[in-house]
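Chain naming follows the written order as A, B and C, and within any one chain the residues start at number 1.
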Amino acid sequence: MDSRRVIDGLSTVLLWAAGFFIMGLLVFFLAYILGQGLPVLSLEFILSPSKEFEAGGGVGPQLFNTFYILFLSLLFSVPVGVGAGVYLAEYARPSRLTNLIRLSTECLATVPSIVIGLFGLIILVNIMGLGFTILGGAAALALLNLPVLVRVTEESLRAVPQTYREASLALGATRWQTVRRAVLPPALLGLVTGLTLVSGRAIGEAAVLIYTAGVSVSRHFPDLNPFVAGETLSVHLWYVRAEGLRPDADEIAAGTAALLILVVLAFNLLIGVPARIYQRRLLGKH
Amino acid sequence: MANKITVRNLNLFYGDTQALREVDLDIEQQQISALIGPSGCGKSTFLRVLNRMNDLIEGVRVDGQVLLDDEDVHGPEVDVVHLRKRVGMVFQRPNPFPMSVYDNVAYGPRIHGLKNKRRLDEIVENSLRDAALWEEVHDRLFRSALGLSGGQQQRLCIARLLAVEPEVLLMDEPSSALDPISTLKIEELLQELKKNYTIVIVTHNMQQAARVSDVTAFFLNGEIVESGKTDTLFTRPKDKRTEDYITGRFG
Amino acid sequence: MSLPGRLSNKKEYALDRFFGYVFVVSAVLVSLVIFSIIVFVAKQGLQTFGDIGFLEFHLGTDWDPPYRFGALPFILGSLGVTFLAVVLGAPLGLAGAIFMAKIAPPRVRELMRPATDLFVGIPSVVYGWVGLTILVPFVAERTGGFGFGLLVAGVLLAVMILPTVISISEDALRAVPRRLEMASYALGATRWQTIFRVLIPAALPGLVTAVILGMARAIGETMAVAMLIGNVPQIAKSLLEPTSTLTAEIILNMGQTPFGSTWNNALFYMALTLLLVSMFLIILIRFVVQRRTYDG
């Protein structure tokens, strides 16, 4: 047989194998995490406060802090990130400034999260003297979200056909009216998808938060005060393993890991699905 | 008849290349003026000068005079946004927004500050009637405009334009993406519209130009070779190049 | 001219200008953030060299603060895990991307897209925890050691960089015009020849970008590595010996060292190193992509 046919066949087999191996890995990870963690998950575990030295504590405050910090960080980063994305997609003309902003966004996107955490530590804890706070954690996390938001916004706006802009401007709309009424609505699905991506990453982030939001939780639960320390689920998973004071650390870790995965999945479903329905309506499919 | 738009010595450059050369043209009120010529001859570029859509393109430079009712559209006092409200444009491909039929037509009035629901309903209905689309869409006003056929979409774009009460309609090959029946409908519509509007239409379909327009200008390599009454231009062209083009010897 | 809407337009113009400024300011703010990060981390980190020699820090192998600050073990550790992650993860990721872009039937592809997104959704502490509870005991049992070290950290990092490598290289492969492929098939090439001789060369800048970004992710990864590397400040003599990395050292000791002390400053200097490396990689990518446009 022709040797190039053999090579072709062989490569096909290998590439299929790679595809399956990758999918297998994912299935394995999810199955393992949920398999270990789901038996630990109970309403009590999810809602009750953690204990320091004894078994039987839950992760209620950590779960709450996770959402609270995520919410605050989006509050900081969405306006700036989306604003910068709109600038790059709709306003920027090729110039030094534009180039600099693009480069900055790319750099910020690759800065290791630990470095952002340390930056937060210098500014918020050491210079401003706030100590470890939920607010500080959220601010540092916002910096991590920022470049992703910029990129996602720019990409989803660029995906909007140029004809919409022309049509709107030709009707005598201002630039801002065009952006708000003709460009942003069809770009919304992309933006929301990006937002779930950012949120998923923020929920799982620990390195940024350990030295900004800290590894302890308030004695009150739920505590809305943003000036107290606020350990999140991810940080908890790390800390439970690292200090090892609790006798049931293994179960807590397994439960926390599973809970984290479920939260990320839920986020994708809760935000992603309505956005997709909206998009279908926009495109006139029923 | 009075001139709506008067163009004198118009030159346009994309960076270093000159796209329009010393163009002179009179566009009369309530007439249909057709711009014909082979692709790349500058007719679409010229159209986009009239409502300054070329401003959106990087590195475009214009000199010469373009008067709209005796006011230079490139003058320092001119407000581009307002100019585009007065001189509206229909594009080559139908480009309705991904919104309902109603919202498409109401887009213009809304951005110009109209909020009154009853007034909006009125404008939407009138504009759709004027665009000969009302009968076909009145029962699906609140469904997405993207569900309409190509020809309906283009008439919707015309209705959307009429809703802002422009004085001049610029049409950039408005039926080139449509089937013959839709094209015919658009052409009939143009005859109705010219009672109230000044229309400039770019087309590379000479039959269309001959059928619909009162005045025709023939563009070649960024210059106007010949312009005049459509009948005269098509039956007794003065320039050899015009004759070659309209008899299909090139283009 | 007394056309309707003239008055409300005044307001619209004001809004238009206002939002124009808002967007520029947002964009400039993003630049300011990265500059402040560089300035503040550098200012803190460079104080290290008031107390320690530059060479001693970079080439010294003895890390025993507050007496000796030889950071070479961490530097080598970071390079080691990154190297392993790229060597294991990049080929698999590229193969996966080729599979998704050109081989997989549409239905399989539709399944794999969201699946690779899920890989990103798994938090790095969870990756670390999986490694800690499966990989470490597994390796320990087979080798009789502790299990911690470059091998487990590298293997796990390879999985973690997969989604980065896959998604960027898949985009690059799909961006290659169909007509190039068609030309190759029309000359009688097999699918593999088309992939190997046409598709991969045409998509090369994108593929290189994908691998470099994977590398950036690996060298900056903190939590999972800190859980698996063993955290012993020594140069590993084998893949199975516990060692440490820059990121792990920072995360473990930042809390226990007083701000402004030499040890603390040294940790900031490590962060600065990571920052500079990641920025260098971005510039490298720009260079790769730019050369592409030169070739036409």
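Just so we're on the same page, contacts are C-beta pairs under 8 Å (C-beta built on N, C-alpha and C of every residue); 3 or more make two chains touch, one makes a residue touch a chain.
Because the structure is a prediction, the values reported are computed rather than measured.
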Using CA atoms only, can you tell me which chain is the most central one in this structure?
A
If I average the CA coordinates per chain, which chain comes out farthest from chain C?
B
So how far apart, in whole Å, are chain A and chain B when each is placed at the average of its C-alpha atoms?
47
Roughly how far is chain A from chain C, going centre to centre by Cα mean, in whole Å?
16
Just how far, in Å, is the C-alpha centre of chain C from the one of chain B?
52
Show the residues in chain B shared as contacts by 2 or more other chains, in ascending order.
81-82, 85-86, 111-112
Chain A: positions in contact with at least two other chains:
174, 177
Within chain C, the set of residues that touch 2 or more other chains is 12-13
Touching residues of chain A toward chain C in the complex: what are they?
4-5, 7-8, 11-12, 14-16, 18-19, 21-23, 25-26, 29-30, 32-33, 36, 79-84, 86-88, 90-92, 97, 100-101, 103-108, 110-116, 118-119, 121-123, 126, 143, 146-147, 150, 174-177, 179, 197, 200-201, 203-207, 210-211, 234-235, 237-238, 241, 250, 253-254, 257, 260-261, 264-265, 268
Interfacial residue positions of chain B with respect to chain A in the complex
51, 53, 56, 58, 81-86, 88-89, 91, 93, 95-99, 107-108, 110-112, 143-147, 157, 160-161, 164
Over in the complex, which chain A residues touch chain B? Could you list them?
93-94, 161, 163-174, 177, 181-182, 185-186, 281-284
Per the contact definition, I'd like the list of chain C residues that touch chain A in the complex.
12-13, 15-16, 18-20, 22-31, 33-37, 40-41, 44, 92, 95-96, 98-100, 103-104, 108, 111-112, 115-126, 128-130, 132-134, 159, 162, 166, 190-193, 195-196, 213, 216-217, 219-223, 227, 247, 250-251, 254-255, 259, 267-268, 271, 274-275, 278-279, 281-282, 285-286
